[in-house]
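Input: structures, listed below.
Both complexes shown next keep chain A, but they swap its partner, so chain B is in the first and chain C is in the second.
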Partner chain A sequence: MVDTAIRRTVGLPAAAWLEVVPSATRFILRGAAGARAAAGEGFGISFPETACRAATDGDRSALWLGPDEQLLLAPDGQVERIEASLAHALQGHAYSLVDVSHRQVGLSVHGPHAEPLLESQCPLPLNLRDFPVGMCTRTVFGKAEIVLWRPAEQLFRLEVWRSFSLYVVQLLHEVAREL
Partner chain B sequence: MLLIQCPYCGLRPELEFAYAGQAHVARPADPSTTSPEQWAEFLYLRNNTRGIHAERWRHVRGCARFFNALRDTTTDHFLATYRAGEPMPAIQAVQQP
Partner chain C sequence: MSGRRIEHGGRVDRSRVIRFTFDGKTCSGFAGDTLASALLANGVRVFGRSFKYHRPRGVIAAGSEEPNALVTVIRDEARCAPNLRATQVELYDGLVARSQNRWPSLDFDVQAVNDLLSPLLPAAFYYKTFMWPRAAWHKLYEPLIRRAAGLGESPTLPDPDRYSQRFAHCDVLVVGAGPAGIAAALSASTSGARVMLCDEQPEFGGSLLDEPTATIDGKASGDWVRDSIATLRARANVTLLSRTTAFGYFPHNLLGLNERITEHLPAPSANMPRERLWQVRAARVVIATGSIERPLVFPGNDRPGVMLASAARTYLNRHGVAVGQNVVLVTGSDAAYSAALDLRVAGVRVALIADVRTDAAGAPLDTARQAGIEVVTGATVLGTRGRLGVREVTIGMLASGAVNDTRRVECDALLVSGGYTPSVHLFSQSRGKLEFNEARQAFLPSISAEPECSAGSCRGVDGYAEVLNDGARVGAESALAAGHSVAAQQYRVQSREFSMHGLPGVLPQANHLQPSRAFVDFQNDVTTKDLALAMSEGFESVEHIKRYTTTGMATDQGKTSNMNALAFVAGELGRAIPKVGLTTFRMPYTPITFGIFAGYDRGDLFDPVRPTPMHDWAVQQAAVFEDVGQWKRARYFPRPGEDMHAAVERECKAVRAGVGMFDASTLGKIEVVGPDAATFLSRMYVNGFATLAVGRSRYGILLRDDGFIYDDGVIARIAEDRFHVTTTTGGAARVFGMMEDYLQTEWPDVKCWLTSTTEQWCVIAVQGPRARDVLAPLVSDVDFSAAALPHLGVTQGRICGVPMRLFRMSFTGELGYEVNVPSDYGLAVWEAIHAAGQSHGITPYGTETMHVLRAEKGYIIVGQETDGTVTPDDAGLGWAIAKSKPDFVGKRSLARATMHAPDRKQLVGLLTADPRVVLDEGAQIVATRGQRAPMKMIGHVTSSYHSAVLGRSIALALVRGGRARIGETLYVPMPGGEIPVQVTATVFYDAEGARLHG
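Coming up: the complex of A and B.
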């Protein structure tokens, strides 16, 4: 229901800057440094060791959320494959791997106004010096918790928990009207 | 907005943090010999410091980690933040800047 409502909102001609990202496979991986290194081999990406940075290779990405927490993104329909390869790579390590594919909705905000648009409700400075390309972090947007990632200079990706997504989309439209 | 230095993520806005009580409260090592008074003290009694206070904070809307901070309760000024498990920094050393 939320998805339909978002699509309806996003489908407006004035909303070309906002898109719902197609369904994706998402995992939260938690584990210490050893498990992280092993999981990187299983997932095909060496995970970022720097705080608040994302690593991307092809259509797979790993986002640093905390010192022992990573968000893994991959195209839709790869849950079993990724689970199997990570379970194999992580044998002997203590870790937790949770499928959160349907917990959150991906939104992409792009264009020259993306930065001021998000800055209006996000307490972080989003200029290129403080929030460079490749940075990702959990933060807040209005009253909702989001994961914010900047894959390119004028492109932001938001990962919003499903039940907050309509709120975030409508708030973005509200702000866009005043920009 | 008040900025707090997260030991993992760097300077971040206060909105992302949650206060989590007094730091360095040690659980009695041997519960079987601990008196009810000592348990009550461990569970309920906290300092009400005027001045520099060691306390736990959580970067709940960021990296979600708990860490410790030294904060002046009269000015709300954060003197230092450090990771959980690390010793409390000497207060003279952090008062200078």
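Coming up: the complex of A and C.
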């Protein structure tokens, strides 16, 4: 068994509007369209066909990052289980499934200030009309690349590569001083 | 004393008295005052000294176009802002302001001698005067000019303020909240479109605030503004930004706005940014920037007390300040009559209205005469008098083009108006085409280049009803263009208003050659004589005249001067104004701080600092770090008393004799997965991967298509269809990008996909003869004995109970492993290895030691031994190329004859004759002694270190035909003399590689 007791995530200062998402299982699934459909069955979610949209069912989510790329999110400790079920579902398909659970840190920015906080350093329009609930995309926050996902009206989930997470959080705190 | 506060009226809050100082003298004003209005109310006439001649200058305008009244506002030693326009500085309690460009005082300034010397200081005098003697330039002329030039003084301490940045998107951005802008915002936002409305002033309303007697739809103008803004504020789809200047118009309807947040507050919160940069992307832009009154050009027109008529009206109606007690108005437009009439009503004596138009007639003149004001037409101004402020004006009467009568009129303020110039700055910045309008004598927006539309007086519309309706229409049309439909409202206006048409240029003079100077550009002290001189010296293009005389090149960008300069030049050349052309408008519209561009990018946030999972541990061990890209890497771990040399010597010896551990987490990693993964890698790298067995790895070299080394790394086959590729630390992102590019654009048929795993894996290199002994008790589920896991073997198992990819590899030449574990486990596994290694004397080492150890083995570092012109063969890595492969990136370029020329620079080793001498990296190499500069350089040192294990210096170098020179002596010329070096092979230690296989 994996000794999760020795697991240490990046130490990041939280705030009323900012939480570090608990450790999670993450995969990048890449492959042709046929593989996506089959993988959806294996993962238990029909993967979004629309660009920049996320699909969620229970505690699992699939985020469309590109025509052949999905970010899969699940609770911590499901690496082997998901690998096995997807391998089964994807038999006969060409695909790539890579565990990136530790590659990035999840941040949750929520509350009425979430939108202006993120718009300070993200050049995309984040109002509900242009960035509706369920939308996700790769973008930047300041000088860091992030994946930005809006699971709810006043909730944004940021997926940040772990070495950039301190920068992103410090920058968020700096911006928050003026709100 | 000339200016004074009138009893009633104005928009200032007379219940709130505000104290401030100007040049050390305590004054008072009211809330709502600007520094300019408060100083005028205190009777101040001289606001500053001019740039070149140090002439006393007063305030001319009431807005951002002010050229003269530049002041320094001081909050503390670090917060000291020079060159602020007093007309835009809002008064707050305790404000400290200082005049500029004068010493010792405003009223007596030593450098005013320049004014007497003015015949010696014509346009471009600096081009002509300081040419000889040549040696005097650096020591005498330049320091003198630098001291005399420049406006204000910059603070020398770091800026303690915060600056904010924000991106925003909207359907309609309205620039300017005068009547046209407010009407545009009202109709656009009624449609449901998202609207942003910004204005550079603290209060919305624009010129309506100067027009208290007008009514709009039955409401007093002030009430209409208040109610309209309240309506807009209540709408969720509207963002209102006051004190916000749209300073730049960039492609694709991106506008830069500068919001001043705390500048007007006496004690701003430390959390509030001083200013904010808004980068607004708008579907449509409405430019409603209004127009600016032009001064008139006549001798003595820069004397304090000479002021735009519109400014006098603003000071009266907004601030309750009469700019004089006895005023004369000289005008070329009807609109200026309102200023005289308003002042008359406020009890100010209007001594004379001198209309420069011979054919002036109609309502404005009649109204003025009915009010008891003398009006003359066909007048001109021949001069003014008064040392520190106008006392008297000499009016000349024109008849058939000549001055046939003169009269002197006493006054303490001389109001001038040449009509209005539409503010086309933003339109012009957007690359829109301007067209000269004969009737308006102005350039007006013609053909748009961006999705924008001008509204109101900035496009020549005259009259409040017309301006409001134009704004409403443009607002509705802009909303419609952005997908929101609404009908434009029609406004009914009642007001006494006169046409803004006027005449640009210079008033006629009795004697064309008279010596008195008529100023065109106040801020840069450019007179009509300067312009005439430029033309007499052969400059005819307005762009050349501008640069030669500096007219329009001051911080005000010629807002009040450009049209007058243009008209003067056109007149002198006998050409039409549009034939002379117009200079380019550039951002920023008004000066802005560097702070907003820096924004949050300062201090720790200047650039992301990327720490590895072991960063904090290394900090605790007193590691010295170096920056590698954005990463922080431990360079060495000094013990108390050790310098870098001693620490690296110890670390090197530990690895060679026992065991060391090294954080290699920053190495780039790419997981290449898919049925065609081996095919893909064989095409990318020079090496072959089809035959690489699962559980084996290979050193790979990646070229650009020009055949030069781009990156290198170790590539391991984890499964038939899965490779673990490592890249250099700095090359990770660009290698990933290059691979993705090839996959998407060149070989879409290749079935494999890339995933960056750089940060998924934490990498701990354990290197040295005792490496296996250290790891053995921690590793489970795998046999990694020498037989089971030979050099370049790869396996998977567990370490400390967590999953691991274990690479048998070495960048040191010793028995070595690279332990890859998921990053969250990295620190714990690192600590466990460190603890387990204690009995073996395990020594953490940093990048400096890693560099020495690999140089001893002749292993290259991409970017150190290579510089983008090095082929694999140059680097001595020709063996890595799989020659049987049909193709790989760069193969065709490598086939060029020149890539095999025998005199290419090749990587060799160098040993100095004196083993204690460590060569400088980058030092040049020559073949023979005693050459004189320029010497024939045949190569350079790429790496140079003291080797602990060899007890001497070593170096790697790129040398022309280097491999054929092995055994020769070459020379490294240095300031202290030539250093003889012997050319050797690149491997200095354990040439047979026996230690690798331990």
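Just so we're on the same page, the second predicted complex is superposed on the first by the 165 of 179 C-alpha atoms of A that agree within 3 Å, B and C clash if a C-alpha of one lies under 4 Å from a C-alpha of the other, contacts with A are read in each partner's own complex, and residues count from 1 in each chain.
Keep this in mind: a residue touches a chain if its C-beta (ideal position, glycine included) is under 8 Å from a C-beta of that chain, and two chains touch if they have at least 3 such contacts.
Treat the numbers as computed from the prediction; the structure is a model and nothing was measured.
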Partner chain(s) touched by A:Ser96 [first = chain B, second = chain C, both, neither]: second
Contacts of A:Pro123 with chain B and chain C, given as first, second, both or neither: both
Chain B versus chain C as contact partner of A:Ala51, first or second or both or neither: first
Partner chain in contact with A:Arg30 - chain B first, chain C second, else both or neither: second
Touched partner set for A:Tyr167, first chain B, second chain C, both or neither: second
Touched partner set for A:Leu148, first chain B, second chain C, both or neither: neither
Dominant toucher of chain A (residue count), chain B or chain C: C
Chain B versus chain C as contact partner of A:Val140, first or second or both or neither: first
Overlap of the chain B and chain C footprints on chain A, listed as residue numbers: 69, 123-124
Touch list for chain B against partner chain A, complex: 1, 8-10, 12-13, 15-16, 61-65
Residues of chain A that touch chain B when the two form their complex: 51-52, 65-67, 69, 123-124, 137-140, 145
Interface residues, chain A side, partner chain C - complex: 1-3, 6-9, 23, 28, 30-32, 68-69, 94-104, 116, 119-125, 127, 130, 142-144, 161-164, 166-167, 170-171, 174-175, 177-178
Residue ranges of chain C touching chain A (in the complex, touch as defined): 162, 164-169, 194, 271-273, 279, 281, 600-601, 604-605, 607-613, 630-631, 671, 673-675, 751-762, 800-803, 822-825, 827-829
